[in-house]
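A, B, C and D label the chains in the order they appear, each numbered from 1.
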Amino acid sequence: MKMLINVPETVVADALRGMAATHPDLTVDVERRIVLRRDAPVADKVGLVSGGGSGHEPLHGGFVGPGMLDAACPGEVFTSPVPDQMARAAAAVDSGRGVLFIVKNYTGDVLNFDMAAELAEDEGVQVAKVLVDDDVAVSGSTYTTGRRGTGATLFVEKLAGAAAEEGAPLERVEAIARRVNESSRSFGVALGAPTTPAKGGPTFDLPAGELELGIGIHGEPGRERRGMMTSGEIADFAVDAVLEDLRPEGPVLALINGMGATPLLELYGFAAEVHRVLAERGVPVARALVGNYVTSLDMAGCSVTLCRADEELLRLWDAPVRTPGLRWGM
Amino acid sequence: MVTVALDADFFHRWMSAVSAAVDREAQRLTELDSAIGDADHGSNLRRGFAAAVASLDEERPDTPGAVLALAGRRLISTVGGASGPLYGTLLRRAGKALGDAGTVDAARLREALRTGVDAVAQLGSAAPGDKTMLDALYPAVEALGESGEDFEAARGAAEEGASATVPMLARRGRASYLGERSIGHQDPGATSSALLFAALADTAGAVASGDDGEAA
Amino acid sequence: MKMLINVPETVVADALRGMAATHPDLTVDVERRIVLRRDAPVADKVGLVSGGGSGHEPLHGGFVGPGMLDAACPGEVFTSPVPDQMARAAAAVDSGRGVLFIVKNYTGDVLNFDMAAELAEDEGVQVAKVLVDDDVAVSGSTYTTGRRGTGATLFVEKLAGAAAEEGAPLERVEAIARRVNESSRSFGVALGAPTTPAKGGPTFDLPAGELELGIGIHGEPGRERRGMMTSGEIADFAVDAVLEDLRPEGPVLALINGMGATPLLELYGFAAEVHRVLAERGVPVARALVGNYVTSLDMAGCSVTLCRADEELLRLWDAPVRTPGLRWGM
Amino acid sequence: MVTVALDADFFHRWMSAVSAAVDREAQRLTELDSAIGDADHGSNLRRGFAAAVASLDEERPDTPGAVLALAGRRLISTVGGASGPLYGTLLRRAGKALGDAGTVDAARLREALRTGVDAVAQLGSAAPGDKTMLDALYPAVEALGESGEDFEAARGAAEEGASATVPMLARRGRASYLGERSIGHQDPGATSSALLFAALADTAGAVASGDDGEAA
């Protein structure tokens, strides 16, 4: 095992200590594993709480701040957080206008957030939930658990976060989050497996010269293994997989996302190919974001997320945001 | 086999045995989870059962129902993932079903476990054949028999149930994302469920042979 | 070889196409390999030009924008750019108040920037140069080429960029850049080698269970190979190496930098250890930046850069900046 | 050996031969550079000499001096790195030293090369023994002899010079960052310099044997 860690057991706590030391704008409860806006609860604002397994940084803790999340609850690496975390976070961010849970669609996340919602409601917090399920790789009818939540989480958190910052009520913030999710689809590719602290080695074997198409963000292998493809071929495949499901009729928001170990140099080259394919298919790109945002530890690879954009979503996208992972306008 | 009254201490020792087994087998569970999941099942359960046993050791609840309920709550509050709420619910519901009796017989335990397993199925919207822990849990509860005392049969049935998941196509949990590629791998949750019933049989066997584990 | 590329020969051009498509605030000359502020030349402002081999992204192209660089000139992967690039960039950003070249201290960069300066001066552009040489790993007397330029480049570009944005004249911008460089030291560690397109495989072999201490950012092995260390031990070693040379008497700016493939989760854990060591040594941290900023493709590892901070440098640090890689206040 | 007048065509063919050699040996040069540098020397020179030859093919300069000067300029404007300015300067300065004569003899070539190599040493502030290209270049120029026609001797001396860098401690360029660890590896730049002189010997050999390469 070669990782920049102390011992596997303290990886998440160590990272939270680091966030606490690095970001004075955040309150980090290392013990209870909650990352909060320093100014939470923000008066008269709907609270946004997300969370999930660690290993996807900057998601979610790096998206806490004005214009995005009020709190994030990191679980162990690739393991959903426990209900107490989200229940406590909800209580900490609730200004009386209710709290939205943004939940990626994985059995563990769904179950734990459901239990948290019950606990929070017992404490008198009004909770709404939105499930993010954007990954077209698992859209077939046999996949009874539904699609996975991946890159669209960033869009949901940013756009719902902007709506909440504007003072929208819970139903409206929830409706926006739901609309963003329904307007978004993703497809991911891995050139290598991530190394988890628990396993101490790559989570799957990928022979030289092969790649995995349709991967998720938890080190699980993809749907299909193929011989190595060029950046352009991968862009064709991924964008077409997304478009087939999304069928946008106007401009899109595009997230060209690195899975962790793919250099930015390569990711920008891939972004060029994604733009090429979208241009060929007649899909205008209203805004694009390129970088490592929804990652899978040190997995090599990338994903493409597209979201059908309209005036309102673009306005919310352009609204100021101030988090460790995403920042503009302030 | 002697019909025995199972007390809080029996359940406490069962949970300790599960914790020890999960500790021992953590690497293997994680390996199985790495093939068709996200490589954390071993460390998840190890963390959870260690916390559960620590709480039991500290609080020493004095009824079987309270032991299982406390263990279940601790799993829920320390594991996370899919298996935390599922195993947590299994034990919590089983504990609740046992009520506050100071001792229970094996038949009552079997009924309580059936209630717990049904709750798992409901919570996870899963059924036998979906390649989950249920494929070990249901056959094991069934094999406990009328008396609830066929612990060794339950051990065997859970193991067979776990093995039987190998050719299955996963329909629930992370493994389902692999589609056809989930076939050919044993489900990690079914494997840990077999450990649960092996620990039960070991604990019961120790009682039957007069070795209550205190001397160990 | 497993990289997200088309062919090795077009890696840099492909990435520039991607930058062009992603960042409407930049003008990217893919053919001539120059990344420019869209509004260059900015009237009455000293122009800042940097550049170097590609593979260190977001450095330098990702640091072009208001408050930082006016232009960046990317070379091939790990290969200094050619003089024509910097000469042209200088001409494009010169508003008549002169241009500062920010050059990392490598033979290739120095030679090519020197030649560019001659060309630019022939065209009537006033050019000043500052060499960045912050890497304490090569400070011994046998290292006649001097120290390498690594993480401090970010500090120099940000702080000199802020000074230029304030309207400071060339001599003053140059003096600030030189002061920042002299006040900064770095030390880096690799847990694995990067994969270059030219080589198609790792640039050095690092057996399991070993790490390289004192690495640079070009895939060159380090000064010393050791058995694997914990994150805390690495922080002790790296911070002490820097402090021994820097001897700060007041607060520092800290860059806790990922080399490319080290997950943010691990990097934050490492940041916690760096803060611990600095606290133990009595060195206050005025500002800290954690992330992948001065990278070496997909190298696993990290580096620590400290810069002695004073009121002026902190003011320049906090000044607004708007680039793809570093952004706040606007 | 026949004393020959070397014309623009000879220099053009020399540069083509270097380009072909660098192409053939690119992988090896990059491997050497990967051991003690940054793994790009092969691709650097390949790109540069291909561009230089393309320009020569297009512009067909008609004096030896103009051929070398153009090749040097192209190296500077296409290679980057340390080797671009260094090799570029070597050729540009040598070309300049040849003036605008239509043909030059080998002694004049040797003098021009010496001028070029001195310029390299000055630009890079390096000396023989620093484990750089100079360790092949200086012995090779020396070995050309009074007449400048000992091309085969120069080939051998360049190769020996390159081999002699193996035990050296690098004091210039990237390899110097490795300190003691630079010992035991052959310098990539010295190796490519040996290719330069091997190509010169091949080109001269072809002339001597009447095969001017046009037929190939």
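Just so it is clear, a contact is a pair of C-beta atoms (placed from the backbone, for glycine too) under 8 Å apart; a residue touches a chain by one contact, two chains touch by 3 or more.
Keep in mind the model is a prediction, meaning the values are calculated, not measured.
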**OP:** Give me the chains shared as neighbours by chain B and chain D.
**Re:** none
**OP:** Starting from the Cα centroid of chain A, hunt down the chain whose centroid lies farthest away.
**Re:** D
**OP:** Could you please state the distance in Å, as a whole number, between where the Cα atoms of chain C are centred and where those of chain D are centred?
**Re:** 32
**OP:** Can you check how far apart chain B and chain C are, centre to centre, with Cα atoms defining each centre and the answer in Å?
**Re:** 54
Subject >> Multi-partner residues of chain C (at least 2 other chains) >> reply: 77
Subject >> For chain B, residues contacting two or more additional chains >> reply: none
**OP:** Quick one: label the inter-chain contact graph as line, ring, star, complete or other.
**Re:** line
Original post:
What are all the chain pairs that meet the touch criterion?
Top reply: A-B, A-C, C-D
**OP:** Using the touch rule from the top, collect the residues of chain A that touch chain C in their complex.
**Re:** 2-7, 10-12, 14-22, 54-55, 57-58, 62, 77, 191-192, 194, 208-209, 211, 228, 230-232, 234, 256, 260-273, 275, 285, 288-290, 292, 295, 297-298, 300-302, 322, 327-330
**OP:** Would you tell me which residues of chain A are touching chain B in their complex?
**Re:** 8, 53, 75-84, 106-108, 111-112, 115, 137-138, 140, 142-145, 148, 196, 198-199, 203-204, 216, 218-221, 223
Original post:
Can you name the residues of chain B that touch chain A in the complex?
Top reply: 30-31, 34-40, 42-44, 47, 76-86, 123-124, 169, 171-174, 176-179, 181
